[in-house]
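What follows is a set of structures to go through.
Look at the two complexes coming up: chain A is in both, with chain B in one and chain C in the other.
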Partner chain A sequence: MNKQAIKDWLNRFMPLAALILVYLVFAIIAPPSFVSLKNLELIVRQTAIVGLASLGMTLVIISGGIDLSVGSIVALVTVCIAWLLTAGCSPLVAAGGGVLAGLICGFINGALITRLKLVPFIITLGTLLIYRGLAKGLAHEQKIDAPLSWINELLAALKSEQLWMLVPGGVWLLALLAVLVALLLKYTRFGLYTFSIGSNEQASRLCGVPIDKVKLLIYSVSGLFAGFAGLMQFSRLTVGDPTVAAGLELDVIAAVVIGGGSLAGGEGSVLGTILGALIMTVIRSGCTQMGLSNWVQEIVTGIIIVVAVVLDRIRHKQEKK
Partner chain B sequence: MTLALIPMGSTDEFWKSVHAGGVQAAQKLNVNIIWQGPIRRDDRTAQIDVIENMIVRGVKGIVLAPIDNMALRAPVEDAYRNKIPVVIIDSNLESDKSISFVATDNYKGGIMAGEHMIKLLAGKGRVAMLRNVEGSASTDNRERGFLDTLKKAPGIKVVSSNLYAGATTETAYKASENLLAPLKSASSEVALDGIFCPNESSAFGMLRALQDGGLTGKIRFIGFDASQKLIEGVQKGHIDALVVQDPVRMGYLGVEKLVEYLQGKTVEKKIDVPATLVTKANLELPSIKELVAPDLKRWLQE
Partner chain C sequence: MSEHRLRVENIKVKFGGTVALDGVDFWVKPGEIVALIGENGAGKSTLMKALSGAILPNEGNMYLDGKAFAPKNPEEARHSGIAMIYQELSLPPALTVQDNIFLGMEISKGWLLDRGSMRAAAQNALKELGRELDLDLPVRNLSISDRQVVEIARARAVGCKVLILDEPTSSITQQDVQRLFTLMRSLKEQGHSIIYISHFLEEIEEIADRFVVLRDGKTVGSGKTGEVSREEIVALMVGRTLSDLYPRSTRDFKEPLLEVSSLAGENKLQSATLQVRRGEVLGIFGLVGSGRTDLIRTLFGLDRVKSGEITVGSYSGLATPAQRWSQGIGMVSEDRKAEGLATARTVAENLVLSYPQSCERLGVFSPTKMSATTADWISKLSIKCRTPEQKIGDLSGGNQQKIALARLLHHDVDLLLLDEPTRGIDVGSKKQIYERIDSLACSGKAVVIVSSYLPELLGTCDRIAVMNRGRLSQAKNIKDLTEHSIMMEAIS
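Take a look at the complex of A and B:
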């Protein structure tokens, strides 16, 4: 194996080892229900929202940027879907409209970042508040009750006659999109450009990479995936809630970082990100089923984030030697 | 036997009292309870996650205070499919899949305030009501109960009932000033005899406005819910009465009814946790003291 192959292998192995370790720990200390198949289904189901949003965030972080507005976009999307449903649109139109709203939000992020030449942190910190405000305004600072439809089945527990699906539709969507993004990163010019901008933006510019175009696309895709996450959030809530997903962006960023993404850019993988998101759900599920208080889960997740980054750093140093 | 008690939030005094009541019932009936809720009182998703985890964990039953009357339907119906009975406490859920609803009848609480106001004013005078916030079902019912009761006293005239206090003490303070300002005359007399505020924050805002305007004691003042500051107001005579809910009892009854159901007894669909009128006269009674300042430490081992 050459050096690059070892690096790739390590990148993949670390988050997977962490996931298995965390799972085994809870398998021993949590009640026996934790290792049931039903709990596995629950864990993947509860990972879908963070997982979808973190696919887009993986691209953003590989390119050396950050998107703080995803939580607010999710809230805005749930409000849009509920609003469209109550206005009499079909569920398909409402779902499409909601995801489109997410895409537009992402496009605006990208346009502002490339036109105003400001760092993504500032722009998306601003749009975090703007999109949240829009959601609250559109909903008149209340939740919007919407009629039930097939959208609400996307992430619901499977009924006994649906067991052939193994997991609900929303989880399949996450799996499909994850494979797509992974292929996109590996085999397309867009993927190559994304890594190159994150590694060295100046050098990429000199090599003729159309930086602004690529960034615009990256943030639009991030918005699009936040749109899908919003659709799943609505599926779970059954109402449009402008206060939902506050702080979701931090879970999403944590998933990418635990999965080996570097906030300095140039590094990250789809598989790692999904594993990172799963690790956090496993911790939450395990702690909740053990009846531990919320603060315990928060501390455990925090420790894992720090440990993941420290291990990452150590690995880098060894590579340089 | 292990049961789950799922509150709206875990930090408020109100929910700690519910917890204490649940622990009391659990100890008496010899069951285990898991206390798990979202940190923020408006985090619907976190509450859904908790219920799903409790279903997978295989608890024998769930006592739930739903954050949202619609969004929590799906997980409750999921519990029902898994043959886990759910008792709803405090706030209603738009579902027929729960076995019982244990809560304070807010409309009755409003009536209690209205009847006491009529008594205080001897059936004659000008009364104002500061509303809580738009679209809050529990306080809407208190306001309706209060106004409906006043209609029975022909000598009482409602001079203001369309101002909203807003969600915080600060907005409530401003709204209170706005309510009082047009009623003040040049000689600092106020053309008002009684005031009702339907929750803790609106009552506290009004208390501050009355204190700053030097109006305490001149206007009969009834509030809803208790806090340390409001109880002090009653002690000083700045507040004439508070309608106080009993969260400890609510937690207790929630767990007790669930256990009774699991033992095969029939449980009423709706159970009222009566509110109590707290005045200066009964403030020192042991039962009232336990109500407004329950001994949480004893039950929660904090």
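Take a look at the complex of A and C:
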């Protein structure tokens, strides 16, 4: 292996190294309960919501865009599921309906961005408010109670007879979808186009890349994954809450960025994103175990985001030399 | 020594493995205009970057008024008295004339801007240049020629000693050129040193006192204008006979592949009628801003057609770039960074971007096949890069351009639209590209080359048409054309 290959390899595993480092730091300074298996499972479970939404965001950010509406979509999805359940639908139909609502929201984002030729930031800032408003209207500005069902087990701690599953279904769903998106990026034309649009939209247009179609698909997928995240959010809450997940989009964007995604587009990876999401949960969990307040967690997470991007910049400068 | 305002001795600049400057010497005295001549890629822009502090030379010395001069950044160079006026003017378009003149060195009273003093000073600066401009007009509303005046006023306001003008006449009218020359002469009388970069030898003879020729990063000659013939200067610039650089086999013209009649576009393109046959290389010459790039973009579906007809083989009518590709047309953009290549992505991805289907196995995109395909082209075109997975932005301009061309070769298109295919690349790569164009024509493909560099067009093309103010002249056989006659058509 030559020097360059080692460097490339190191770069790819920088988010992993960061995760291990953060984990080890807490393992030393936090109480022993932090390293327990139970806590590890908790960390993984807590990552599921941000993780699912950040898979879609990875595609969006690689393509040079942004989706600010995912938090609102999650809230709308929880409301839809609760509403369907109370209306007497089966849990499967309710879950499917919720995820479909997410997909539709994403499709609308994509359609507006490509038809109106406006920047994604503005469009999704608008739909952030629109979807949140819809969720509140649909729920008459209050929580919707729903009958308990298997949906609520998707992200619950495993019962003793389920231990063979290792982690709950929601986490398995995250793992499965992460692998799918990674394959999608590497082994399809759609993946190649996503990277090329983010790196240089004009050059992609010149090469005949169907830019509008690809973007429409990207934002639809982002909505779809926000839909899955909404399903997990509902599983955790057991109610439809139109005010939930406010600001979730920022955590999701942070996960992608910590994982090496560039807001300028053209860069990012599924593995990086998942590691980024895990890093944030580990910090949260570690701080909680140490009895540190929320504000400390926020400061630490903020510092990590800035440091991650600064390291990334330094790395890029070195590459250029 | 101190009779020289600026003196450059044996400057060398390396970027990674490529040597951009390999020993440049020249000087300029106070009250002198020195022309810097060289082909694209000869090292003029690198030299300018070294003078203006944008890059640090690896070797050599520079002296300003006899004192060592080694600017670490553009600010330092500016404050030492070196003012660059780039071809692409760099004024913030929304700011007014007055604000632009003082941008970065505003006059202030304590914490507040002293608009009154600035206004007086700006008026004065423009008066000295013999121009009247509305100080409150945003510069985006000014003509290019007026913007140049603002840039010059701005340079003087900093107290510039050496003014460097990079191709200032390439996009202004003949009348404005004369006004600029008058201005330059008065600056010269006031003791300013001017370095004037241009392709136009006539202009250089008219305005410059001396000339310095760069080729392949070296100073290859200098002299007093008027004492050396144009032919001698051209020989110095090119450094080789034309037939060496431009191979030309006997070409066999077949049926027409592209026919365009009275095409008009949304921007500069007014009217273009042309025909290209298989086996033929058609050249389109035009100055910057003449509409030559608009023509290519409109043909390829990147810009909208306003009126006129485009017929490609059996297809006629409007088409998107994707449809053009499938009709067997490919395009290389003049602007590699902005439109040609996705610089943050790999060599391989850039190469197959227009035709990823070629790297699919059973409908699944195969990175392995993409790498293998790319490795093949890398060796065929002797492209210098480590692996197909290397970022294309890390390659030299010449190698990047070869990939941009290889995209069309891989797609195996019948008609190649090449906009400034050799801009900013080294002579070796140029030669390879010319050879490739010749062999493409011989194998029955049709090629359209747009260029602002006449020797290149005369060397590679069979017929040349001239674009002037959005109108394309009828293409003529190169036997009936000279550099002079083409230039006359382009600027009349």
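What we mean here is this: the second predicted complex is superposed on the first by the 311 of 321 C-alpha atoms of A that agree within 3 Å, B and C clash if a C-alpha of one lies under 4 Å from a C-alpha of the other, contacts with A are read in each partner's own complex, and residues count from 1 in each chain.
Heads up, the rule we're going with is that a contact is a pair of C-beta atoms (placed from the backbone, for glycine too) under 8 Å apart; a residue touches a chain by one contact, two chains touch by 3 or more.
All figures in this text were calculated on a predicted structure; none of them were measured in a lab.
Student: Identify whether chain B and chain C fit side by side or clash on chain A in the overlaid structures.
Tutor: fit
Student: Looking at the overlay, does A:S90 come into contact with chain B only (first), chain C only (second), both, or neither?
Tutor: Neither partner.
Student: On the chain A superposition, what angle, as a multiple of 10 degrees, is formed at chain A by the C-alpha centres of chain B and chain C?
Tutor: In the superposed model, the angle at chain A is 130 degrees.
Student: Where does A:K159 make contact in the superposed view: on chain B (first), on chain C (second), on both, or on neither?
Tutor: Touch status of A:K159: first partner only.
Student: Which holds for A:F195: it touches chain B only (first), chain C only (second), both, or neither?
Tutor: second
Student: Identify which of chain B and chain C touches the larger number of residues of chain A.
Tutor: Chain A has more residues touched by B than by the other partner.
Student: With both complexes overlaid on chain A, does A:K186 touch chain B (first), chain C (second), both or neither?
Tutor: The answer is second: A:K186 touches chain C but not chain B.
Student: Looking at the superposed set of three chains, what is the minimum CA distance between chain B and chain C in Å?
Tutor: Superposed on chain A, the two chains' closest C-alpha atoms are separated by 39 Å.
Student: Go through chain A and flag every residue that touches chain B in one model and chain C in the other.
Tutor: On chain A, the chain B and chain C contacts do not overlap at all.
Student: Which part of chain A faces chain C closely enough to touch in the complex?
Tutor: Touch list, chain A to chain C: 4, 186-189, 191-193, 195-196, 199-200, 202-210, 266-267, 319-321.
Student: Sort out for me which residues of chain B touch chain A in the complex.
Tutor: Going through chain B, the ones touching chain A are 10, 34-36, 38-40, 42-45, 48-50, 52-58, 68, 70-71, 73-74, 78, 81, 134-135.
Student: Any idea which chain A residues touch chain B in the complex?
Tutor: 31, 33-34, 36, 38-39, 42, 45-46, 49, 142-143, 145, 152, 156-157, 159, 233, 236-239, 241, 243-246, 284-285, 288-289, 291, 293-294
Student: Mind pulling up the chain C residues that touch chain A in the complex?
Tutor: 16, 300, 302, 320-326, 331, 333, 338-345, 349-350, 352-354, 356-357, 360, 364-367, 386, 391, 394, 407
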